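Listed below are the structures to be examined.
One chain, chain A, links the two complexes that follow: it is found with chain B in the first and with chain C in the second.
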Partner chain A sequence: MNLNNSTTFIITSLGIFLSQAFFAQHKEDSRSYISGNVQAIAQYYNADSLINAADPDHKMGMNSFANINFRKGNFSAGTRFESYLNPLEGYPVGFKGSGIGYRYASWKNDDVEITVGNFYEQFGSGMILRIWESRQLGIDNALDGIKLKYNPYKGVYLKGLIGKQRFRFDDGLKNGDGLVRGLDGEVNLNELLDSTFDNSKFKITLGGSFVSKYNNDNATPDFIMPHNVGAYGGRIIARYGKVRFYGEYITKENDPYPDPSAPKFNYLYKNGEAVLLNLGYSTKGFSVDFNAKHQDNMLWRSTNVSALPTDLLIGYSPALSKQHTYALASTLYPYSPNARGEIAYQLDVLYKIPKKSKLGGKYGWDLGLNIATAYAPQRTFINDDSTSRKMYSTSIFSASDSLFFRDINFSIGKKINKKLKLKLQYLNFIFDDRVQLVAKHHELIMADIVVADLTWKVNKKNSIKYQVQHLSTLQDQGNWAFGQIEYAYSPHWFVAVLDQWNYGNTIKEQQIHYLLATAGYIKGSNRFTLQYGRQRAGVFCVGGVCRQVPASNGLTFSFTSSF
Partner chain B sequence: MTLLNKTIIGFAFLTLFVSACDRIENPVIIHDTSLDWTLYPNDTTVSPYPWPTWTANTNTLRNVLLEDYTGHTCINCPSAAVVAKTIEDNNPNRVFVMSVHASTTSGYQVPELPHLPLDHRTEAGNEYAQVFNVFFNPAGTVNRTLTGGNYYALNSAWTSMTATELSKPLDFNIQLQYNYYPQTNGLFIHTEVEALSDAAADQYTIINCLVRDTVIAPQIIPGGTVEEEYHHHSMLTNNINGTWGTPIFEGGVSSGQKEYNNFTYKLPDPIADTTFRIDNLSIITFISKNDTYEVMQVIKTSLN
Partner chain C sequence: MKKLVSIALGMMLTVAMFAQLPDVKIKDLEGNSVDISKLSNNGKPIIISFWATWCKPCKAELNTIAEEYEDWVDETGVKMIAVSIDDARSTGRVEPYVNAQGWEYDVLLDPNGDLKRAMNVNNVPHTFLIDGKGKIVWDHNNYAAGDEEELYEEILKLTK
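Up next is the complex of A and B:
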């Protein structure tokens, strides 16, 4: 079936859905609701050559957006106004100007939900399709088209979508040329077979997805490019009492991208493959989760030309690692899944020594252990560069001895008394900088981090938070020390001062203090924050998706509100 | 909406999506400017050229090229041709006869009117006769190996020489695929050569010869009479990529290495000369060692 036929078919099918849905509508809640939220971050940049600080000509950057949503009965609509005047330094290129970046209208009844315009969506774990946004990261791959959710029978959930992805923002939304088409189905057997399974401790849901893209962006004279590329797979979600299991398998057909830095991955026509497994157990005061992932050649964009790391992504690579919150652990050597493939494992254990027990004392202890590791897949390379270009073969969960990343961390949380709460954490990293290219200095970085975090609730209104962190490494920039003190006067005010000191840098001039002062005011849903000082270069990550943040020196103002 | 309608729509969606995949088995576009693209009758932007897909070559046996240097006025040549054909028939797909109408003097090849008007000589055949010093007919070469210091041998020696060659280990494997376009008489030839042993210091070429399987034409036979409808077998007609072929593995060769080559050739009009009907044509492809001319491996591909 060619594209024109496909599109005609989709429109016809959607028409059938829409007509059925609208004929079936009935009156419900007729009240109108308007809601929204606003965020603005502005930064004034000072020159600071010592830290190689960002110093743009325009001196000031500002990112802001406002979501406004309307709902009446089963109908809802909304828009997001965005403004990047100019975008903050380090924010991905492709965001500039002011205008409407997102707009949608949606209608639903008992069986059908239809969204036209922009929308986000996820199938399964997101490996086959994750349409999402993170304004902090500067990622927004919203689809612009039409989405249907349909519940034809109890326990059966279908989703269908078609659209183009957001690519750029230039005084308004600019979509990429590629077309994304997706279908996802889930069957909850307990709901479907309620007479048999209704009261069973065993809960099971089966799912399957098919996503295809169409693009002819890449007109390379060297290779025959597939214009329609499909990915498909299935998943199982099961639970028995306190034990839960998630398993998903996805495969993606030939989907070559330019990768001139690595000939064996350049215009690779091998099918991609991903397996994600999770086994967990949780009960009061104890939980354990084990995750395993095999992923190979699963870069999945709606364009086949070179693009920035977060541009036009259809699929998502789940990061099997803990997302750390302490500054030295989260922004110096953060883990981001390897786009070419990896075998990754994670074990996460939480245990609370019960309060009023012999070991736990009056308040108990919170213990946490997390181990995460990732290796390159074992690849057997073949010599077919001038023919089929499959380039290599792999086996499921067959890892090489090439370590990408390892993180072993242990935390202890203890409420000492009614006023004092202490958290201690130790982290041990091995980080292959050739893979992530974060530090860009060394091949293998080994780092130990210790953190102490003490909260002192002086009284009902006043509290003070102390935090010290230390990172020691013989590689990259050497040792770091971090100290922070934060005072909060509830419920409106807080001030904080922090210093990050790269005292272990082998270059004496680079043994710099990054001193930063913060003050904030909160009232209701409004929050104002001012920051002044130096911010070091680092990497900011959410769920394994990262962006580089340049060093800066200056004044930052941020405002958030919701209504 | 009835359950049936819902099911039909669901399956229709599924069918739509599953059909939306382009599977590319052989994606490399080969930029071979030496190819004559005027012989490809289609618009490549609409109908891309169907480059071949290669499968593993499982052959383990060394074949033999038996070149029968002959002439249409050579009385003894028909009996030598029978010897050659018998060896070929006794070793199907292992021995390939190529009848080369040539000698150093061309004494038996020149046309003689009125009964022998045709000239079966080729430029390549003439050069081979000079280089291999084939000064008489009938004479033959067997994989172009030396015997008694000569490339040529009497037909009485061909059987034993062939047996010797057939027992040698295989150093190269060859595969050939082709596309023929009758609109243009265009022939696109694609070869894969795989090295099965290391031979870093040696130089090789690949040679493609067009042969006509049967040419019915006059020939002097024993007794001195002219047989008007003599069946000439596997007659060398032209060299598709030159007398001495195309160099391969120029940077040295190691076991497992593969090289791909592509050739185009405009076949003579089969209406003007019916011996050029596609079902009467074959390509003999062989690997020749540069310094000794030894044929390392040979295959024959019928175009019918």
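Up next is the complex of A and C:
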């Protein structure tokens, strides 16, 4: 052991010497940099049958991550250590044990960047390809392979990639069998033709992508499955002064998936298609933004057998609705795009009544209106179950009268004086849970929510926030009331207590208080929080994927840091 | 194997442990590529603040600073770069929000978290202060009313 230590020391010193020598040879910045971050969330579970709380046999769950990145000149490399001992309750299955979940090496100069190992990437809006991670949701579909980015000429950006997708974590990275291959090109005409376009108010970027997958997964003897499936599309990003436009069209070849609950969508050989449009005008103090989306049969994974909602996704489907932040508005009835198909519209208007105006007073007012809807496409079913299995026809933006979801919300923000800021919000939801399947009784839910949020900056260091929310509905679990008070001592400390009370539940025993206390300490990039109490079950949705987090009762500790 | 690890460890010990801006390109609101490692403000400090349209404390922080931003710029020459991590669901909402609030910041889009990952950001808001030489000298992963005062004191230290 002693001998070992001294050898280690000598060799370590040699390493230091070698790297010093390395330094001396280069004049530009060839120092090495190390950076990274750490995140750990641990939860201790108490039994609480009243709220049907998660009560695992192992009593405690802990998810932790540590990224370490190394950079020297044009070279970089990094790795992520992950540990799920055991995974937090409600985290998707397929995360267990400890090990390396991500590692890469990359080299770049001004025009070229090559990455080997794991990487993330997005083409356009991500509908055709989005390789990403969301630790909160438990999504990580990182590719493992090679990626090349090339900038051959000013304004021209090319990307090519190939790899297998991350599928499971079981003491280390486990990839799926399917291959994903993609090419993307983008031309920024203003950069390309800078002499003619340089000071033009008109700006335009064109892009195109091709993504193909290969897999021979097959869970059915009844159908011949395509092994290679391609998807392609184009996009245009344009602006003229204060007007901005984004348009994207994607089509996908026949890509049949099992869908046992719906015979008309089971092993469907119809091509998929998606259109995303965004038109906006904005100027100081006022903006109006309109979105429209048509999507049909756009489930896009690198496997064609049954999979969990978050598994092996290649494409991402943006929800055309506002991501709410208030608890009763965000995690009880969150809308998630319908993978089989939907037609969605959204209008968003923001207006600031100017300060020092007659109506605006000293500080002005912030007004916001947001309207979002989604409908089922108008489908004409054809009887070809035993022949081509295209099942139905649709046309772009042709919606049926079957409403999946509607959200109308209005907000007012007002700075009352130097110390007080008030925000009021009203939301009205129609949510068809016969399609969404996230609430309890799978029915059409209509809900009204009001929120009042007051921040009181007592003095330089001390501030107090009050929040009350109320949700009223005749369906699902009935009415909810919410109250929160938070005290912060800047810049290091905060404590908060919140209660969510399901007082409108028709079952008297279920009229429960979910009382939760939180305290936190923040210093630089270190952040510690402790929570104790009951947490309501909730649903978190991103990109057409939802995660149901069960109710729990217990102690949660979380720590994040970066260096 | 053990020797290799030791050599690697030795090399690591000489590593500059302070963080530097990463070599990542993301886009601004007009679609122009911006190389983060080449950000400069003529030797004056830069604030990089990660935010999202769905993040309340982030918006509170940036709106509070917006009220004092003119004075900050006059007194210290500091520049704010607000990096939105909104993805395709809400990237379209970034520019309307920025304009409606009348922010005078440079705004960049990081829809797939490339810069967020490179700067080791776990969650938003996360605000960094960069000195005139591109070195990260201070960061803070939270916002509570009053935190902007500490940030401003740090900026003053750099400009004295």
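Keep in mind that, in the parts below, the second predicted complex is superposed on the first by the 528 of 563 C-alpha atoms of A that agree within 3 Å, B and C clash if a C-alpha of one lies under 4 Å from a C-alpha of the other, contacts with A are read in each partner's own complex, and residues count from 1 in each chain.
Heads up, the rule we're going with is that contacts are C-beta pairs under 8 Å (C-beta built on N, C-alpha and C of every residue); 3 or more make two chains touch, one makes a residue touch a chain.
On a predicted model such as this, the values are computed, not experimentally measured, just so you know.
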- Which holds for A:Ser402: it touches chain B only (first), chain C only (second), both, or neither? neither
- Message: Between chain C and chain B, which one touches more residues of chain A when both complexes sit on the common chain A?
- Response: C
- Query: In the superposed view, which residues of chain A touch chain B and also chain C?
  - Reply: 13, 16-17, 20
- Query: Contact residues on chain B for chain A in the complex?
  - Reply: 1, 3, 6-7, 9-10, 12-14, 16-31, 48, 53-54, 256-258, 260
- Query: Can you list the residues on chain A that touch chain C in the complex?
  - Reply: 4, 7-8, 11-20, 23, 31-37, 39, 67, 69-71, 74, 76, 108, 120-122, 125-127, 130-133, 157, 188, 190-191, 203, 205, 237, 239, 244, 246, 276, 278, 280, 282-289, 291, 316, 318-320, 322-325, 348, 350-352, 366, 455, 457, 460-463, 488-491, 494, 520, 522, 524-527, 542-543, 560-563
- Item | Touching residues on chain C, where the partner in the complex is chain A | 2-3, 6-17, 19-20, 22-23, 30-33, 53-56, 60, 87-90, 92-93, 95-97, 99-102, 111-114, 117-123, 126, 138-142, 144-147, 149-150
- Query: Where on chain A is chain B touching in the complex?
  - Reply: 1, 6, 9-10, 13, 16-17, 20, 111, 150, 152-153, 158, 160, 181-183, 185, 210-212, 214, 221-230, 232, 253-254, 256, 267, 269, 383, 385-389
